[in-house]
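Listed after this line are the structures, all set down as structure tokens.
Two complexes are shown next, each including subunit A; its partner changes from subunit B in the first to subunit C in the second.
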Partner chain A sequence: MTQLCDPAQRRHWLGVLAQASPVELEQHLARRALPALHWLRRPETGLMMVRGRAGGTGAQFNLGEVSVTRCAVQDDAGRLGVGYVRGRVGRHAELVALFDLLLQDDIQRADLLPALIEPLAARQRAARATAGAQAAATRVEFFTLARGD
Partner chain B sequence: MNAPLLPGFAQPEDHAQRVFRLLLDALARPGRVQTLPFEFAAPAPLAPATGAAALALLDYETPVWLQSADSAPWLRFHAGCPLVDDPARARFALIDDAGAMPPLSAFAQGEPEYPDRSATLLIQVAGFAPHASTERGPTLRGPIWSGPGIADEVRLGVVGLPDGFWRDWQRNAGHFPLGVDLLLVAGAQVVGLPRTTTVREA
Partner chain C sequence: MYVAVKGGETAILNAGTLLAQARRGDPAVSEVSVAQIAGQLRLGVARVMAEGSLYDEELAALALKQAAGDQVEAIFLLRAYRTTLPRFGYSQPLDTARMAVRRRISATFKELPGGQVLGPTYDYTQRLLDFSLLAGGEAPVVAEAAQPLPEHLPRGIDLLGEEGLIEPELPPPGDPAPADLSREPLSFPAGRATRLQNLARGDEGFLLALGYSTQRGYSHTHPFAGEIRMGEVALEVVPEELGFAIQIGEITVTECQMVNQFAGSSTTPPQFTRGYGLAFGEAERKTMAMALVDRALRCAELGEEPAAPAQQAEFVLSHSDNVEAGGFVQHLKLPHYVDFQSELELVRRMRAAIASAQPAQEQTA
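Take a look at the complex of A and B:
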């Protein structure tokens, strides 16, 4: 039995996969051999409450509900691949679960991390930086001047 | 690493609703044998009907007491229910070996203001003997069930309950409206035994 993989690393690739485009994942999956597996939980869509903190440090508040689709797949060794994605695209959740399963295998991981996860992560970082820069350019600072009444 | 888990319902909405209906019928018609309308595989030591009932009834708000922990990973994955060690804190109890079960009074009995805050016990038995009374003589004659949901009375033997179980059941009825409700399970069959049902040994 192999060791369980590092939770932080797994969290990272699950996040990257969940934000990737399903079409791209599908193309990449077509080039991979899948192990024998069975679906433990078919894709199902539900609502999750997103919570936030004002300014990142304030009190928690409910931001709103978001639809989330999840599924789970298992291979014969008992490894469990899970997929949680925003939205209602069942196939996207399936793809995330399949890649999560593959990434838990040491040999597959050595290949998949540089071939799939790192390029996707770099592109997502760049897109976030662009969006952040565009938003920062519209930033307005407010000053209050003391009035001498 | 985890051992492979069994899947849940093949058609989650449809199957969960049909099982829920079956359990409603079982409790509305005590003493009548209900049969699971589809094939279902539950992990040992759970019987198919116990597993199906668990998936239909349990969720994150129902603390569950398990007699044997073997099915815990499966239940936690599919039902997401909290598991408790103290039978008195559980809303549902899954009992696979009726011979070694705690007395009924060990489970939550409800409160006088809220009798519904009690436990529902799923007890696995060896089988039911609804027609044993006529042919084989008096030894196989089942006890007589009566109460709401039963026209006059009905005879139903339950195979595999511990000695003194029916006395324990009478004590349970003595605290009405407090008490526990039971679902007796044998394979794919379920019989409801709510606290309103009186069972007399013939």
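Take a look at the complex of A and C:
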């Protein structure tokens, strides 16, 4: 029942929500009516081991842990909203799970994607582009100086 | 040997309060906040995260504040904290090729596709004290290029790979899960995954000294910094509820690809070899040192005689952890009264034995 919507689309919104500021999500949630729901898993903070690869592309190795907070919420229709965020902010994970739940409803999704997810995604892309433009301003050309001629 | 002692509760409590007072410093000077430490002492925070083996800026900044800036103490605090949290699982391997790059340089390829990007670096600064920072001031105005960097910069080192000039770095068949030092103790011989995990959380000073030793001739690996990149990578996990990977945030990492002395044999033509460094946060010196030591530790695999300290896995990996090292060195401060008392008795007895033997010797002489 969690696979009712396209996993690629769900993957996209979960990624955007996890990168959004909880304050922003909270403001948006205040304008939404929530269905009857119950929490399958209240927010809990734990660790995930981050893996890398030798040489970037080779065998996996364990780099170190990262703090992660997760929760899960269900509505009466059996939809499961899942919240996983880096860090220890329980409310952030809750907000992600609540929006994940709402976004699985066809009517809500038709509204939430343009009203919330796409503007957030656009802002995240813009922030990345700004960082990329600042980095690009430090691009150098090194010249090797030939001696004796 | 350390023997448990009792008593001293009041003195210990009072010492704790005195420590808190010393940490706070002059009350007339405003207190530093954890957010200020996380935001303005980010390189110190990065080291605590890397060697504390826990990526969490706020906790690392808190640890630094609590430790009054003592990095090894802060690392210890973070390591201790992580034992209080449950383990949810493992991330997908980071894809550093898809890093949102803020710095990327190569000492081997002048014409690097995508260019040499300096980013926020101390390189090329004059290392003159900036007295304007005493006064504080305006936030700097940062230049922006008309075009941002491409979303993903190709790896410089792949240029060599295309021609087969460097050893390929591919996952072993089945892409197996690596050993985890946070779950099982270090044992020897240690595989590369174990070594890399150990080095990634190893003490920067120790790795720097070892890496330096390889450059000074204690093992010859002829290193070149093939590529160093720093930026943000997506952190992806597969939640048990979903069964597919999702991004739950991003983390800053630094990666160093060292290109080293080539090796060949009757069956394989000569090609360059690799050393790899990866660490949480902006940690260029650390990852460069790590890559040097990683390469030195690959000596057996590459048919080199392990003669130098940096090539000896048991020596390197057993002494790289500053929490273990700090604990063992500093436990010498704890009461060893019983132990020392027995040594004292022994020395007294030996001296008495010599003293009573001497007059007898003189008489017989």
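As a convention for this text, the second predicted complex is superposed on the first by the 124 of 149 C-alpha atoms of A that agree within 3 Å, B and C clash if a C-alpha of one lies under 4 Å from a C-alpha of the other, contacts with A are read in each partner's own complex, and residues count from 1 in each chain.
By our rule, a contact is a pair of C-beta atoms (placed from the backbone, for glycine too) under 8 Å apart; a residue touches a chain by one contact, two chains touch by 3 or more.
These numbers come from a predicted model, not from an experiment.
Asks: For A:42, using the defined touch cut-off, is the partner it touches subunit B, subunit C, both, or neither? Pick first, second, both or neither.
Replies: Only subunit B is touched by A:42; subunit C is not.
Asks: Between subunit B (first) and subunit C (second), which, if any, makes contact with A:66: first, second, both or neither?
Replies: second
Asks: With the two structures laid over each other on chain A, which partner does A:116 touch: subunit B (first), subunit C (second), both, or neither?
Replies: After superposing on A, A:116 lies clear of both subunit B and subunit C.
Asks: Contact-wise, after the overlay, does A:11 reach subunit B, subunit C, both or neither (first, second, both, neither)?
Replies: second
Asks: Which chain, subunit B or subunit C, is in touch with more residues of subunit A?
Replies: It is C that touches the greater number of subunit A residues.
Asks: One more residue to check, A:20. First (subunit B), second (subunit C), both or neither?
Replies: neither
Asks: Look at A:76 in the shared chain and tell me whether it touches subunit B only, subunit C only, both, or neither; answer first, second, both or neither.
Replies: Only subunit B is touched by A:76; subunit C is not.
Asks: Can A:98 be said to touch subunit B (first), subunit C (second), both, or neither?
Replies: Neither partner.
Asks: Would you please give the residues of subunit A that touch subunit B in one complex and also touch subunit C in the other complex?
Replies: In the superposed arrangement, which is not itself an observed complex, subunit A uses residues 2, 44, 72, 80 for both subunit B and subunit C.
Asks: What residues of subunit C sit close enough to touch subunit A in their complex?
Replies: It is residues 49-50, 53-56, 58-59, 82, 85-94, 96-97, 100-103, 110, 115-119, 142-149, 151, 155, 169-172, 175-182, 192-194, 196-197, 200-201, 231, 234-235, 237, 239, 241-242, 244-251, 253, 255, 257, 274, 276, 278-280 of subunit C that touch subunit A.
Asks: For subunit A, which residues count as touching subunit C in their complex?
Replies: 2, 7, 10-11, 14-15, 18-19, 44-68, 70, 72, 80, 82, 84-88, 128-142, 144
Asks: Which of the residues in subunit A end up touching subunit B in this complex?
Replies: Interface residues on the subunit A side: 1-2, 4, 38-42, 44, 72, 74, 76-80.
Asks: Note which residues of subunit B are touching subunit A in the complex, please.
Replies: It is residues 1-5, 7-8, 12, 77-78 of subunit B that touch subunit A.
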